[in-house]
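You will see subunit A twice below: alongside subunit B first, and alongside subunit C after that.
Take a look at the complex of A and B:
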């Protein structure tokens, strides 16, 4: 075999050239490139944004007051001018009640998720990072909470505190029992990140264990938590509706989709739409959050991206 | 001259990406003759593994051959039907993958996996024949007790044994060509030598051609008749291995030959007047920066239930590092070298023994003194991708030690970060960038800058250059040598790679199974090793005995 030498393009061999003019790429920007080409992402995002707007400025969507303008004469009437979805049993405007009810559903959902994620984050991070007996203790506590169906637990709590039936109590009751799966996810992620050299480097620099946990481990373990958050938000909204429907959630005077569904069931045969409309609102909202969460999860996982 | 067994002509491969096709192989030509061993050498990203995958048509999902031809015995592989290709794989082209740890399925016994290969290739069909052939395959692969081994699982095999089993599977169907993609990169040098010897004997006996993919020029030259050097998806130079090594013509090959530590023979000198230490006696008057005496570490190995068995990871290790010098702690995996480093860094508590840093017994320090000690001693770790927090920008990463130790104010810290970036030869514009925009070598520079931020006296380099490509490794070693000279640093250099030791260290300490088996100056150890273990380690460095022409090209 002869000795082949390629034509020399440039005589100076540049080793490890630095290319800083290139567009920075990271997990999040890659995920964004992937997401923005997906119609489902835009649909669910639009739904979520509309629900958020409803919760913050209900008057953008309806001029009819949901409670004060009810006339029994309109009881179970069909759609009329200015009242696109008809009336409830009490003669209130269905559309207006759905719009105003979004605030309650979202508040309970957000608050319960926030509480659940915080407890889960703290428990999971401490258990995963420190290990040993603390891990055993916290993980067993998590297992106990995991084994209790949280709707059942919240039902018991709400019955006991029946005189404080408001958004906060309900959010605590739901969030306080829904953190165990979050804690497991965070713990697994912290265990993975803890192995990284930058954690050892931080400890060797003299940073305290807790400082390292807060400064390096938790920020790197949080991405999967964000995805779970959207899913648990949807679950918490459903839980609120369920508990209210069962009569242990929010008081009957509070505007919420759960209350609307509950109150509409007595006239289900004569006026089914009064029940169906708030149910659709609930389903669409929950679906939007779940789809958003799953799309973000897939976008953050390069292997899932390649599969599609 | 006979016809080539494998012939690759103008091979182009492209990968589909979000922004369109990206060509990674730009027209590769080469031949492999029957019975010949050819090595493709290149750095990561050179396209050497892509070439191998293209030949067996196992390119990852988004990759495809866009142009050119691959012919095996006159048959086109690129246009062959999937079914025919499946028959070619295994029966005519065997494949030995890189990582023996992940290429055997942990839930099936070794025997099951060997038999699977035998059945898939139609060598034997009835149960008895398959069983007999499987035992034969493992025996030929050099596994004693093949019959018993058949029923064992991958976790009961060491890395070397797994790679033997994989080579056995690759050769099970007597293929005409065996492709080995970095077959020994994950193994210790002494194991590497045995495995390569074995693979060479097997292929020679059967007249199998071998395509060896490697990053190690020394290994390629030692094992192959023909070497192909690849860079950025192109062949830059190819020819008989001796010719390439002794008379490299392309500037890239010249750099590569000059940088390969396995081929080098001299310590990197930052300044030429500076001399290494010739003998241990010369050290007597230099005060040690680090002195380790009878250092021992026991771990408890859980035996199930509450029983546990002590395991001595480090056994009475003693050494001293004089100020401004480099001591290399060398050993294979499991020798306890990294545990020693962790104890010196106070990340692990020793079971017994003392560590003195600048005359102070580390164990007797209180919290505040121990915190202060961290300023004088800093680590640099192996994995360039794990060593930097991906969520912190470069300036914040380098400034972190300054913040922890409350050194200076915001402005002085920023100034120090710039100074450090200059010292490790990185542009200041990197300050606001994130680690994922940097290459492995650049990340390692940032890690070095972070380690130097507090102006330490001692730097512990735990396999700090082992994961880097040869040329980048060479650059980082140069940088370390310059910094040592400028800042009068003392290095504890932990490595498995004896070849690197020769170019960076003044003193060597060879460890085996937790014990120091031999220590002395680099010249003593490399020219006259006393212990049999050290001799074996030195003999295992690939390409060590090849003499070079060429010489370094202009930097």
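Take a look at the complex of A and C:
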């Protein structure tokens, strides 16, 4: 029987070129190479940096004091020189109030996210690492918190503690109920990391179980938590504004975008811009954090990258 | 399937008791004496106070009080509002309105999510796809009360397409504006899930098989691909329902729709603690039930879920 033999081309085929001097690639550096090329990443990063600057150093953006300079004669007036966005119903400068309001929104957002992430990390890590009855118990507690929409829960907390309405109670009310989804994410990741050889090695070397959890498992399981942090931050900022708008969030004298919007609603028909400007500030901030979070999440997930 | 239903039902019991206990514990922590508050500025007779306390079981320990409260819920007695109306009566009046609004909003959400998501997936990377993704991000970022005010100002006040508020006339046709606002606030996450799941489906071997056996595109896409891509959208609608309940509170307040959310909205504005708690409890119970129903539906749609342990 005659066999057909494919002719061998004489041109040499390089199968694998190994460049020695190339830096080793890992998940984060891959993600960074991907992010660096995306204009949306840079746009949202710039917006986030500007909002952070506003919160830390408001006088960099406006010289007009947000409260002391209000004159009722200017009530709902349009833009004037030195007051680019016009005036509120109380005659305060809209731009100045937006700049100063950034601090409140970000404080509540950051604090609530910190609280929620910490509770979620502890609950998820303990449940995932120790398993058994502790896992069942913590996961059922998580299910209970998951079954109450957290804005509604925060609404009850804030109405119970209505005498103590400030940035801290509000952040605790939001973060204290928003941790259940974080705990699920951390638990899943800890379950995955627990199988790794370095965990067995750490235990075999005599490190205690708790020491292994803190020293080796948590640092290796924290990436998904960091990724959802920006998204939680955006959600917490929305929650703060919504609760303040509903009247159980921050008190009326606190400068916040939620308060500005809810006060401007009374004169919506005659002066819509006093409502629209703080709304834009709120939306752009939330949008920037969501976009940043999603771009980082997608950059870390090769499957999502393929979907684009 | 029966085993799956039973398993889910058993899982829902601790969640129900845990959630109600959690909310009840917060009421218990509420400062002020509710019985003394009934008398306003007057100094009540101590005997009368004790009698009222016993009548409302306020002299019992926490868990006994909670037991009476749960017993009341199962008998349809959910307490009274701040103005003295039984919560169950208020619910009988307001729940149908909220249901109508919710059904319209979910219908709008599904139509938008499925149609835009499918077209985006089919034209992946095109102009429509990119624009719709950006628009969806904006709708995810806009808080619902901002969206309500902007819709109210432009669609109702400026252009006069709708009435700015709903009020006593709240039949299906009158609820368009709040339903649209709610639907648009919900559609974006579902639409993106639909797009992703459609893209996954289109890469499946059986879609290629359907094409290669000669089926036209107008049959492959709606009948084969669409139906199999719906599961993430349906599961997401359960999670979305929590956003819907908060959204209903805000939109019913702003557009003056006399539903459950509106009652909660006004109680919140007036800081009526006990009323807030009763209605949040109602919302949480509805949320738990809806999640259970969606989970059961999910098991019905996808056999893999039924048999998974």
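In the analysis below, the second predicted complex is superposed on the first by the 283 of 308 C-alpha atoms of A that agree within 3 Å, B and C clash if a C-alpha of one lies under 4 Å from a C-alpha of the other, contacts with A are read in each partner's own complex, and residues count from 1 in each chain.
As a convention for this text, a contact is a pair of C-beta atoms (placed from the backbone, for glycine too) under 8 Å apart; a residue touches a chain by one contact, two chains touch by 3 or more.
What you see is a predicted model, and the numbers here were worked out from it, not measured in a lab.
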(request) Figure out whether A:247 sits in contact with subunit B (first) or subunit C (second), or with both, or with neither. (result) second
Review point. Now for A:170: first (subunit B), second (subunit C), both, or neither, which partner does it touch?
Key: neither
Under the stated touch criterion, which partner chain does A:35 make contact with: subunit B (first), subunit C (second), both, or neither? neither
Figure out whether A:106 sits in contact with subunit B (first) or subunit C (second), or with both, or with neither. neither
Report task. Please indicate which partner A:201 is in contact with in the superposed arrangement: first for subunit B, second for subunit C, both, or neither. Result -> first
Exercise. Quick one: classify A:218 as touching subunit B (first), subunit C (second), both or neither.
Key: neither
Footprint intersection on subunit A (subunit B / subunit C) at none
Subunit B partner, complex, touching residues on subunit A are 1-6, 8, 11-13, 15-16, 18, 20, 22, 24-26, 33-34, 195-198, 200-207, 211, 216, 219-220, 306
Given the complex, residues on subunit C that touch subunit A span 11, 14-15, 18-19, 22-23, 26-27, 29-31, 125, 137-138, 140-146, 149-150, 152-153, 157, 196, 199, 242-243, 245-246, 249-250, 253, 265, 268-269, 271, 273, 276-277, 280, 283-284, 287-288, 291
So, in the complex, the side of subunit B touching subunit A is made of residues 18, 31, 61-62, 226, 234-240, 243-244, 247, 249-252, 255, 345-347, 371, 374-375, 378-379, 381-383, 386-391, 400-401, 404-405, 426-427, 429-430, 433-434, 436-439, 441-442, 447, 450, 471-472, 474-475, 553-554
Subunit A residues touching subunit C in their complex are 140-141, 143-145, 147-149, 151-153, 155-157, 159-160, 162-163, 234, 238, 241-242, 245-248, 261-262, 265, 268-269, 272, 275-276, 279, 282-284, 286-287, 290-291, 294, 307-308
